[in-house]
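What follows is subunit A paired twice: with subunit B in the first complex and subunit C in the second.
Moving on to the complex of A and B:
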């Protein structure tokens, strides 16, 4: 098992490398670069100077081949934690995106926890009382939640909140806290604003977790050991919670590997619609204005956080479930 | 044995002799939601194919005098309370004296009866067949007559007509995208399952890798590379290719799994012992027995493609106006101001949800049916 965990961690390194290449390649794809955008802008404003553009091109190495540019980016990142320079914001990427990334991770992880807290009891109840009214309602809501794209759910909830309570629920902070330094009051304000993104992000994940939990518990409930526990006269709730639920929970850890990429994906669109100070809106803007280091760093970091989450869930799974088979791969 | 009726033994006999397709169909029919979904999906594709005829207006017809009108109701009851043939009332624009905002009210003095196969401005079906009839419309249109069942957008274009025409892109992108993914998936998945060894490891690692990445940021990055201002058809194809680059992994997994399972089956061994060539074994013996699984998993990946296209176009990275797709239409509903004043701009979202739900249920039904001997 230890060998497996070590292999799993070692495997993480080439994966990271692959992600960095993919992210860098993607942002290199568009024809032209930020300087073409800048040239067009300067041309429109009438103060176009080819010398400035040429100097910038040399400074950022835009005239060099892909592999050299990638190597420079990677080296700066490893050596100094430098992610490059944002042309649009005129500041280093690393000092620009810190807070946005932290909020993105905070909201995503909170959502993950929230979906578990909501989905597990509902799934258990649906399994214990299959084909009851509650089960049907949970199933229908689950299917609708899965079929509604995040951004649409965000729009609908935003519209409902506005038309019934007259409040604008977008954003993550009240105006008075938006630019304030971090304090407990600001954290409190954040928590009161977080419920909407969590509902939007969590619904589809919760929907599939409920289905899965229901199926897992239903499978377990038919096994002889449950019958044995009942025969010993244990109260039903104890029979269910003590044994089948515990077994049914194990495969759940492995679902992090699939829910986490979806959550980070959803967080991007949700943040754009709800105008949250998270990775989404800035990534979109950076992509449109070809602010390549900023866009690339976002794509890279979002992928890295997903991969770290998957890594942790894989390790936990091997620790928790002794039945996992370690195949040679 | 004696009390088993003739009818029952007939049923048993026909069950034993039924073809795989008949068994699958019988099983599919038991999944009621899947059957309903099949009709819904069929209806939606019918709308998309005959979009020009089925929509009440040309989807790009601008109507400056009817900007952002709310959905018009079809009335079945006359003002005096008696039943009437379906009709709509004329719309009257009224400006709020204080805010200067324009709002529309029904003018209950003018009625416009509706009819099927109503006359319309001349238009061309599929760009070739000239027609002057639309499926539904106002029986005797005049200049003030309007039929905006889902309201109009900020340029006064009929939202219903735009949804019906947008279905062409939104529904076909699922099929085309899945077709691309299918080609990649069956080649790589097939190789992976059939040859095994290092090819298998390499393909599986790639799939693991792609599946562990958040798709939307990658899709956004790739879509941002599509140069703007091109022929919509080129953009459309590029977007589908982008969706397939990441979307093929699920199908490849299914194909590989089936190859691995079938490789050891007795009938494959039998064919091999009888001297059949590898190609013949794959095409004549293996493919027919997993085709139904593939179809089922394909129908489950169509909705993912539809959702992805909608999200990209909504963000402005997919198709651009004047092309219409449901995502492009939802782009109009992006701000709180727009949806609080004209919530009907969200109706294209309903079309997305219905379509995705229907495909999910249909896929579930097909998956059950693809395994006719399994338990229900």
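Moving on to the complex of A and C:
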């Protein structure tokens, strides 16, 4: 197993290299560069100066070919762990994205866990009591949740909260905590603000999870081993939880890898609408202003998280289902 | 507004009037008051007393309504690192500043200078720095800071380019120090617009030499520079300088000594950027209270305009116009009571305008656009009144593009020209041009047999798709096909820069005193491309599509006049030349102005005092910066 994990981690290297080249190339695809954006901005404000733009072009190395720019970025990252430099913010990317990444991971992982806590029991119950009133209600809510785009749900909830309670539910912190150093009070403030993004981000995921869980458990419940377990006199809850549920969990575990990036990308629009200090809005802004090292680093880090997610899901899979073996050869 | 208010003689009277006021000021020099938060520091011995901090003759700012009270946080919102102009306009450290004494009546006053003198032919400008004026860290301001600015900050080998304001053709103005507090700017030719332009351009005239010289290669060794760059977390000392410079930017460096009423205390990338009062700020109110009244200004980061709208409705914004769309007027009005604010309306001077590129690389269209009858037909085919009612809730004024009424130099003929709806004449004009053949869909054919189609390129942010759809319907009525190319703002600029735009869409702005920035009239501004290739010829920046206008074209005359205005012997004469430029354009407008003079909406919390109504807002006169923000206060 250790050898397997090491091998998997070694595979990260070529994968990430490929991801970084592709993302760097995609960021460069739109015409112009950061300086064109800056020119546009300066032009609109009436203080355009070709000298300033020319100097910055040299300073930031925009006059060099793509491969040189990429090479410099990669080399700095490998040699010094330096993610490059944000033109827009004029600071090293690494000192810029830390807090955003932490909050992004916190919100995403909490959402994932919350989704499971809600969806799995509902799914199981719906399967054990199919076509009951509860099953129908859960199904209807699930489909609505699945069919509503995240950002729309966010807008609706914000509007409801505003028009009925007159409260602002956007952001992750109250204004008085936005700049405060971390403290228990700040964590408390974060928790009171986190429920909305979790609902918005988690609803559609929970909906599909409920449907999958229900279908899987229903399938398993028909199988002879369940019959056998019952015949041996095991209590019903134990029969269900011990065998069919365990088998039915397989598909979830194997999709953690894909769920993580889905949550991340879903979080972009939601974070913009809800004004969350997360990575998504910053990535979008970086893309619009063609701040390529900032955007490139985000995409790179998100890819790292995705790869780790996939690895975790594979490991969990073997733990839950002994039938799955690592190929040790 | 009359042109008079902006001419130097007025500047003189203002300066004189001010020194009369200042004499009385010195009389109460002993009893200046200060904010409680500063009084505490004085009591604790960490700050000198208020009369030691203020200059001998502070600038006296009369509050609009009443003497204010100290304290509080002025809450605003911003969109990110590129939104520095928002906070900047609240607190520009200018040597002279625009004032608006009544709606539409502008003037210019010395700010951190106590006075200035201009010689007879406007070639020599002598400025007097306030005696005892101090940077926000308490260090005295002298001509050394002025020389540092002109010798080490701007110019060829320096972080900033030499300001165009101090350039005349090939010759540069010379700045000399007469003594510690007096300096002189000398031009080779007269420069009547100099003082007015100083009120608008990003030329601060002084830089804190005692602080910034440590980051400058003329003063610091290579090792020191490298160490400084590292301490700011940037790669090179060059990154310490410039608009986004970590050391020089007013909103990135809390250590930077400034001459602004507030200085940054929590810089970006914080989600809440905070400014705090400058304890050494050089102005007082008419009772000798040191300004500003307000302790702090906070800016909350928002991503989506809807978030800002919700903040407004919940009373989380105290005073702000930036990012407040006119289209949200009904929403803002509806929530006035809930958010405990009022929507205060100022007038704007922009005109939503379409720019037919007379030098587009589609030569058939270029020729049509160059034909006055064709432009007239496009103009009068628009029912501007309908556009105003349907798209802008009747809040704008249907007009041709030009400086609207209320601008310093304005021409009634220009803004009325071709602005009447007359589709019959439009059709007749097109028929008269021989564009009588139609295609299967009823659109006219161009001389080369293709369908007459106009492609409007519009940047996403500025475009009002609803408006453009109405435009295309009205043009459809006269047999002209229209299609829209909606692009991201950067791409728009890119396309114009490559001369790939047939018709642009961008507001005509900066009208309060258009001579300060006459680029739209001279076709030399990128975002308003009505004669892209000709403008490129004038700018001479090596664009391969640049080409001279045909012989005898009115643009030659406009360019001559623009040059003449900049070196006219007096501001009166410059304004006269400015009026002539407008008259040249009024003959046969080169563009298609649609509606303009839309209101500017200020969300003003009911706790904000001393904020006037009905003023004119324009970038030239620094938006909200036209009112002394120092005298705003928060009622508790």
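Here is the rule we go by: the second predicted complex is superposed on the first by the 301 of 329 C-alpha atoms of A that agree within 3 Å, B and C clash if a C-alpha of one lies under 4 Å from a C-alpha of the other, contacts with A are read in each partner's own complex, and residues count from 1 in each chain.
Methods note: a residue touches a chain if its C-beta (ideal position, glycine included) is under 8 Å from a C-beta of that chain, and two chains touch if they have at least 3 such contacts.
In this text, all values refer to a predicted model and were calculated from it rather than measured experimentally.
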| item | value |
| --- | --- |
| Which of subunit B and subunit C A:40 touches, first, second, both or neither | second |
| Touched partner set for A:15, first subunit B, second subunit C, both or neither | first |
| First, second, both or neither for A:174, with subunit B first and subunit C second | neither |
| Partner chain in contact with A:288 - subunit B first, subunit C second, else both or neither | both |
| Partner chain(s) touched by A:192 [first = subunit B, second = subunit C, both, neither] | neither |
| Touching partner for A:132 - first (subunit B), second (subunit C), both, neither | neither |
| Partner chain(s) touched by A:183 [first = subunit B, second = subunit C, both, neither] | neither |
| Contacts of A:162 with subunit B and subunit C, given as first, second, both or neither | both |
| First, second, both or neither for A:90, with subunit B first and subunit C second | second |
| Subunit A residues contacted in one complex by subunit B, in the other by subunit C | 30-31, 155, 158, 162, 168, 170, 272-273, 284, 288, 290 |
| Complex interface listing, subunit A residues touching subunit B | 15, 18-19, 22-23, 26-27, 29-31, 143-144, 146-152, 155-156, 158-159, 162-163, 168, 170, 257-258, 261-262, 264-266, 268-269, 272-273, 279, 283-284, 287-288, 290, 295, 298-299, 302-303, 306-307, 310, 329 |
| Residues on subunit C engaged by subunit A in the complex (per definition of touch) | 75, 80-82, 85, 160-161, 164, 201-202, 233-236, 238-239, 242, 244-246, 252, 266, 268-272, 274, 298, 300-304, 306-307, 310-311, 313-314, 316, 338, 488-494, 510, 517, 519, 525-527, 541, 619 |
| Complex contact set, residues of subunit B against subunit A | 201, 204, 209, 211-218, 220-222, 224-225, 227, 303, 307, 310-311, 314-317, 330, 333-334, 336, 339-340, 343, 346, 349, 352-353, 356-357, 360-361 |
| Of all residues in subunit A, those that touch subunit C in their complex | 30-32, 36-37, 39-41, 43-52, 55, 59, 85, 88-92, 95-96, 155, 158, 162, 166-168, 170, 173, 175, 178-179, 271-275, 277, 281, 284-285, 288-290 |
